[in-house]
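Take a look at the structures below.
Paired with chain B in one complex and with chain C in the other, chain A is shared by the two complexes that follow.
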Partner chain A sequence: MWALVYILNEDRYLTEVLEALLEIGVPGASILDSVGMLQFLSQEIPIFAGFRSILKGSKPYNKIILSVIRDQELLQQALATIDLTVGGIENGKRGILFTLPVEHLIGPGPETLGD
Partner chain B sequence: MKTIAGILFLAILALAGHRKSFVKLLPSRAGRFFFLTGTEFLLVGYLLGDSFLGVLDPATLERARPFLIVGLGWIGLLAGIQLEGKALRMFGRASYLWILLYGCFLLLFVSAGLHALLRVWFPADPHLGLAVSVLAVTALCTGQTSMALWMQQASKQKRPLGIVLQFVASINDVIAIVLFGVLIGFHQPAGGGFGLSLPPLEKLAFSLLLGTLMGLLLLMLFRARLGEADKVLIVIGLVLFGGGAAYLLGVSPLLIHLIAGAVLANFSLKSDETFHLLMRIERPLYLIFLMIAGAYLRIGAPLAVLLALAYVAIRALSQGAAGAMFLGRVFRDPAYPRAHALGWGLTSQAGIGAALAVHFHLWIAGPSPPLLLNMTFSVLLLAILFNEVLSPFGLAYVTKET
Partner chain C sequence: MALVRYLNPEHIYIRCPLDSKEAALEWLALAVAQSGIGIPQETLRDKLFEREETMSTGIGNAVGVPHTLVPGIKGLHVYVATLKQPIPFDSVDGKPVVVLIGLFGDPDTPGLSLGALATLGRILRDERFVDALWKASTKEQVYRLLREREGKRES
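Moving on to the complex of A and B:
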């Protein structure tokens, strides 16, 4: 069982990625907003547009797609699908994708995890 | 060739400098009053200018003029795009009224003080009114960098006070840009200035029309699904077009791009994306602006320094008085007994103030700009430097808790 974590820098790909994952059989994922460290630090000091930077929600959010996948074959397929959908993660501008082994899972049954 | 080398040199300095600036100068507690807010690049520019090293000589600066106009457009777009109705409604209508009254009284006090002062040295100068107006309008500007740096090291409890200060500063910056645009419409300096000599009302109408059209154009172009590089190209193209049109019509590029930004902010779902796109080069652009402004600076006589000190004093006193009259109503908290003196938290004059200074210089530049207007530019730049040093002390005073 693995957790797939994809930090997507350009949210215009979000819908496409989710649709592609659904198509190959990944049944669910959570989407979180996040801010990169450099983005956070650089946005804190305004020069010309302080008003926008003080407002909540004005930070440049990345999207984190979080999904738990039980089947290794499906996981490999999901990695390839994401890479293909965003036009190559390796160019460094489409975010970071990694997986983690999951030891315990309490919650939804196997049918929701792509088994 | 020298122009290209000069601009490249500035770009390299700005790109290297923006990573080192915008921080607290000293890590110790004693260093909490000293920030690197980018304003120090005014001095770098002064050293690079004709007064010392001569890297940025008058011919190079003259050829850099189109770049400055485009830069002003970029800054205007940034300032305008923050004017999103949804965000502006977060603050009550009464707050806007008090801020507006604060601005009016600040203008009044500064104008009266400066008029009395400048009349002593330039009693019959035909440009006296213009010099006073420009200095009064730029007195409204507040640099937010030192404010943000100060609030960054302050306790979390001070955040609401910091937000109010940034809010007041932002609204006043916008008012200053609009008033400066109007000033450009109503005054065409003899022998100087740029663009066509249109009647003032026509200039204002053109500004409004051009700004709205550019905003709509940007809105239309951004509807398509575009990559980041495409968007940057579109913004650069549009700012070039807007800057050129502003130059030709003799209107303020800052004002027309402010309007375009406001249109985009209120009618586009992607204004956040555009904002962050513009923000990416905000710091290097600002540093280039400061260096060019510094290179323009001529401190020929001690009078400029004396007048700058007097201007700083008049502005601070006016901010204190107008702030006590009106800003105490925008923010009330018993934990901050000095919040009634909120005006002193707005002492820094960099940011939009520096952009307006460069704008002013472009406007008056000509074969023989009047002495008083040249002096006004020097006074403004020196005041920006002095105010940057004073600013953390004003913030410390205002944000002191019981």
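Moving on to the complex of A and C:
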């Protein structure tokens, strides 16, 4: 069982990514609003205000897609699908995607998470 | 972060006779250019003033932290100046400034400058520490104060 975490910094891709995940059989996910550390510090703490200039053009907020996936084959498919949907995570600088092994899951299983 | 690693003791200036924020930034640009950093004074000056336009680097507690990232600079360079008299600096708390700490970094490695600013933000919250820096009469004292303080976390 795996947790898939995608910090998407272009929310225009959010709907497409979620639809693509549903299509391949990922049945649920949670969507969280988030803000990057540097973005937050540069807006809120005066000493870091100078870093606003290097953040020009980047989105002020991110969306985090969090899903638990039971099957490793489905996980690999999900990674490839997300990458394809956003036009290449690394090349397009469209966020960060990582996975973590899940040891315990209490509550609804992966089949219903996020429903 | 080990700030003093980026501070050459020769780049500490004691009781500088500056009388305004503008004069302080002009002087700092000149001092940095003359220290051999390899960037013209005008470039440094323009970058410092550009940064101040975003928001004053007067972070409060009588400290100014003018800083900028300049293409061509390698790593991080720290400069410290104590002032002969307090000067207005448009600080967030309205207090005049008695200590300046200048940071000049490489835009390709902004993390170094970020770490240094975070360390400065932490250690310069202590009014007694700032007062001790201001009253230090030698470069060696300032260097020692910074070295000792940066390693301590407030309880």
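List of remarks:
As a working rule, the second predicted complex is superposed on the first by the 92 of 115 C-alpha atoms of A that agree within 3 Å, B and C clash if a C-alpha of one lies under 4 Å from a C-alpha of the other, contacts with A are read in each partner's own complex, and residues count from 1 in each chain.
The definition used in the following text is that contacts are C-beta pairs under 8 Å (C-beta built on N, C-alpha and C of every residue); 3 or more make two chains touch, one makes a residue touch a chain.
In this text the structure is predicted, and so the values were computed from the model without any measurement.
After overlaying the two complexes on the shared chain, residue contacts for A:E10 are found with chain B alone; chain C is out of touch. When the two complexes are overlaid on their common chain A, residue A:G88 makes contact with neither chain B nor chain C. Judged by the number of chain A residues each one touches, B leads among chain B and chain C. Touching of chain A by both chain B and chain C, each in its own complex, is seen for residues 45-54.
The part of chain C that touches chain A in the complex is made up of residues 51, 54-57, 59, 65, 67-69, 92, 107, 110, 114, 117, 120-121. Within the complex, the chain A residues that touch chain B are 10, 12, 42-55, 58, 60, 93. The touching residues of chain A, when paired with chain C in their complex, are 38, 41, 45-54.
Those residues of chain B lying in contact with chain A across their complex are 22, 38, 75, 78-79, 81-84, 87, 90, 143-145, 147-149, 152, 162-163, 166-167, 169-171, 173, 225, 228, 272, 275-276, 279, 282-283, 286, 350-352, 355.
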